[in-house]
Amino acid sequence: MAKLYFYYSAMNAGKSTVLLQSSYNYHERGMKTLLFTPAVDTRAGKGKIASRIGLDSEAVPYDNKFDLFQYVKNEVSQYPEIKCVLVDEAQFMTKQQVMQLTEIVDEIDIPVLAYGLRTDFIGEPFPGSMYLLGLADNLVEIKTICHCGRKATMNMRIDSEGNKITKGEQVQIGGNECYMSVCRKHYKSGDSGTLTRRKQLDSRECEINNI
Amino acid sequence: MAKLYFYYSAMNAGKSTVLLQSSYNYHERGMKTLLFTPAVDTRAGKGKIASRIGLDSEAVPYDNKFDLFQYVKNEVSQYPEIKCVLVDEAQFMTKQQVMQLTEIVDEIDIPVLAYGLRTDFIGEPFPGSMYLLGLADNLVEIKTICHCGRKATMNMRIDSEGNKITKGEQVQIGGNECYMSVCRKHYKSGDSGTLTRRKQLDSRECEINNI
Amino acid sequence: MAKLYFYYSAMNAGKSTVLLQSSYNYHERGMKTLLFTPAVDTRAGKGKIASRIGLDSEAVPYDNKFDLFQYVKNEVSQYPEIKCVLVDEAQFMTKQQVMQLTEIVDEIDIPVLAYGLRTDFIGEPFPGSMYLLGLADNLVEIKTICHCGRKATMNMRIDSEGNKITKGEQVQIGGNECYMSVCRKHYKSGDSGTLTRRKQLDSRECEINNI
Amino acid sequence: MAKLYFYYSAMNAGKSTVLLQSSYNYHERGMKTLLFTPAVDTRAGKGKIASRIGLDSEAVPYDNKFDLFQYVKNEVSQYPEIKCVLVDEAQFMTKQQVMQLTEIVDEIDIPVLAYGLRTDFIGEPFPGSMYLLGLADNLVEIKTICHCGRKATMNMRIDSEGNKITKGEQVQIGGNECYMSVCRKHYKSGDSGTLTRRKQLDSRECEINNI
């Protein structure tokens, strides 16, 4: 029986790397995969999953109206060698789309690996994450670290001077904000870490900056 | 550094047993613990945690207005040998109370072990679970099984004849409903398992029947 | 497909409680289980699994010559309602017996839940643990705590005055030694924790004292 | 308090990718790391960790005489910005070297992330793995798949025609053998999967072929 996995982490942990590696593993063993990425995420170009470490792959872009179950059902009927579905930035899914993922698992019997954040910059669960955390068969953490060396679990939005921002839209288009993954203690205190902050801003590695 | 743990499972997995065993382990090593249980849950008597397998313990009852952080802070200042906080049926907490748990961890530096369900009988996350799944440092599953032998992840409400109920309040007082923990596939099909169902209803082991 | 699980922990974590709860869960859903315990472990009486917290159950005693695969195969052919095999103190198994567990899983298609320690009092893996850690489909930790509040991962043998013992047989019959589960740092320093030590010795809760 | 992690998996799961991503995460946050790789593993060049997906990095080569604790202690005294130690192919370590890793964690208070296989081609634990599985603070699985779609947990050595080999040295220098990661059922039956096998052999992606 197939399962729905939710691989969750704070930002910049390497979720896309793990996704691309998993897809690679399937291909290496002679199977095919289907990759999905939100249409709104155009950082690497529309319909592309890229990881900061230098890997990338084509992916099917999906918006809020997109029916993942129907799409996968059609593809699998044509290409039965498809054996796994992988979804990047899955926190952006609607409740209905998470239900579609459970249908892919329960009806088509293909494993689904969804990757995403748990909470947004004010600590609220994303809609997709809320249902993935509630309904996935397996919850798996991908760890990353705060600037203090502890595990990072929160995503702090900061302005161009490194100050914590606590107001604004959950997903923001074209701003100058950046994000830092930090431990809950430093999230509460608003400490983004001087050294790290400078490096982050210099290199403009702001995740989801333009969406 | 202390951590906030969320031990989640479907109903009737043995959450209370694991909670009571963890508390026992602390006591055995010369430390004390604080136990909390919802005031609304009077199945075992108000302010009591009991497991179906035959264990029980006194616990502090809390309602939606109860400030867990202040209570723990006061207790610890008087009894510094308190080294762990354990919360049963944590799905019933408010968002604010989950935040209080993070304060106990981050400010008082005492580990908090919260035990609860992920979703209710229609598959919606409970308020407490939503924030515990989003903010806990560690998510740990306590497994149980569907009548088919697969892992149970869903909680199905059934009437006295074993039929799935899909309407009603999230928490119901004094009804005749029972709950079955089932796999997602049998949750969708509404199959509560004849043999199990009969046994369940005969023995009146309906969890949270009266709350 | 069934799986072989190894639930590992330091001593006095509540392994037997979790085992008995899992067995209870199967029975509650109308299925039967088979329990095994080492014949050499007669603390609770031969052929009995008991947990410190007050639960117990009958179990089939096995020695090093016992063929678990044949036994289970015979039982299942007579009682097809057997749906799970649970093994206590599985660290004492031989390599061959761990292989038999994999056969129960792979050929009879019944899940096996084995519970045991990882290492002995000098930090060496037990024979059964070595192969369970190497071959189990899922490794699951049952956590307990050191007297310092950190996670305990090591089993320290102590004499009647609380001093660490570093010489002797892996399994000792009828001695006056006790065991403390401690973190690796306190294992190395030999600190068994005064308060805890006194309590332990007073109450004669020495695990596996007579085997 | 730092911890010793053992990330284990079957071959070709992407262990090196995860290692390199973790190291990258530390650097991105302004910290430095120390990477180690067995001197005997010269597939990517001596003192180099490379992943099949296309990432690589310099690493310190170590042989069986190498003292990791002393080396790390010296480095950290000079470069206090070193905040993490990562070890590739850790199954090849001696017992003494695993003890050195615990010293790095317990005395220098730096986390150690060791990556390796659990068992060799005949299902026996590697020396390093045996002690890492027994002593690590956290065991974390990196999953990969068998050609049948199930989780792969075993490493099968095959000859140039895809037949399972059951005799030979644990580590073999310069042979024509390849390895397939398979589920335990297909490991027992010796089924290396026609399609996968052909692809594997064609592309000469035989892991640890020359060591």
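The chains carry the letters A, B, C and D, assigned in the order they are written, with residues numbered from 1 in each.
Keep in mind that, in the parts below, contacts are C-beta pairs under 8 Å (C-beta built on N, C-alpha and C of every residue); 3 or more make two chains touch, one makes a residue touch a chain.
Predicted, not measured: the structure shown is a model, and the values here were computed from it.
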item	value
Identity of the chain that, by mean CA position, is farthest from chain C	A
Centroid spacing, where centroids are CA-atom means, of chain C and chain D in whole angstrom	29
For chain B paired with chain D, centre-to-centre distance based on mean C-alpha positions, whole Å	39
Sites on chain C at which at least two other chains make contact	none
Contact graph of the chains (line, ring, star, complete, other)	ring
Interchain contacts, given as pairs of chains that touch	A-B, A-D, B-C, C-D
Residues of chain A touching chain B in the complex	1, 102, 105-106, 118-119, 123-125, 129-131, 133-135, 137-139, 141, 150-151, 153, 184-185, 188
Complex contacts: residues of chain C adjacent to chain B	12-14, 17-18, 20-22, 24-26, 28-31, 51-55, 83, 111, 143-147, 149, 193, 195-196, 199-200, 205
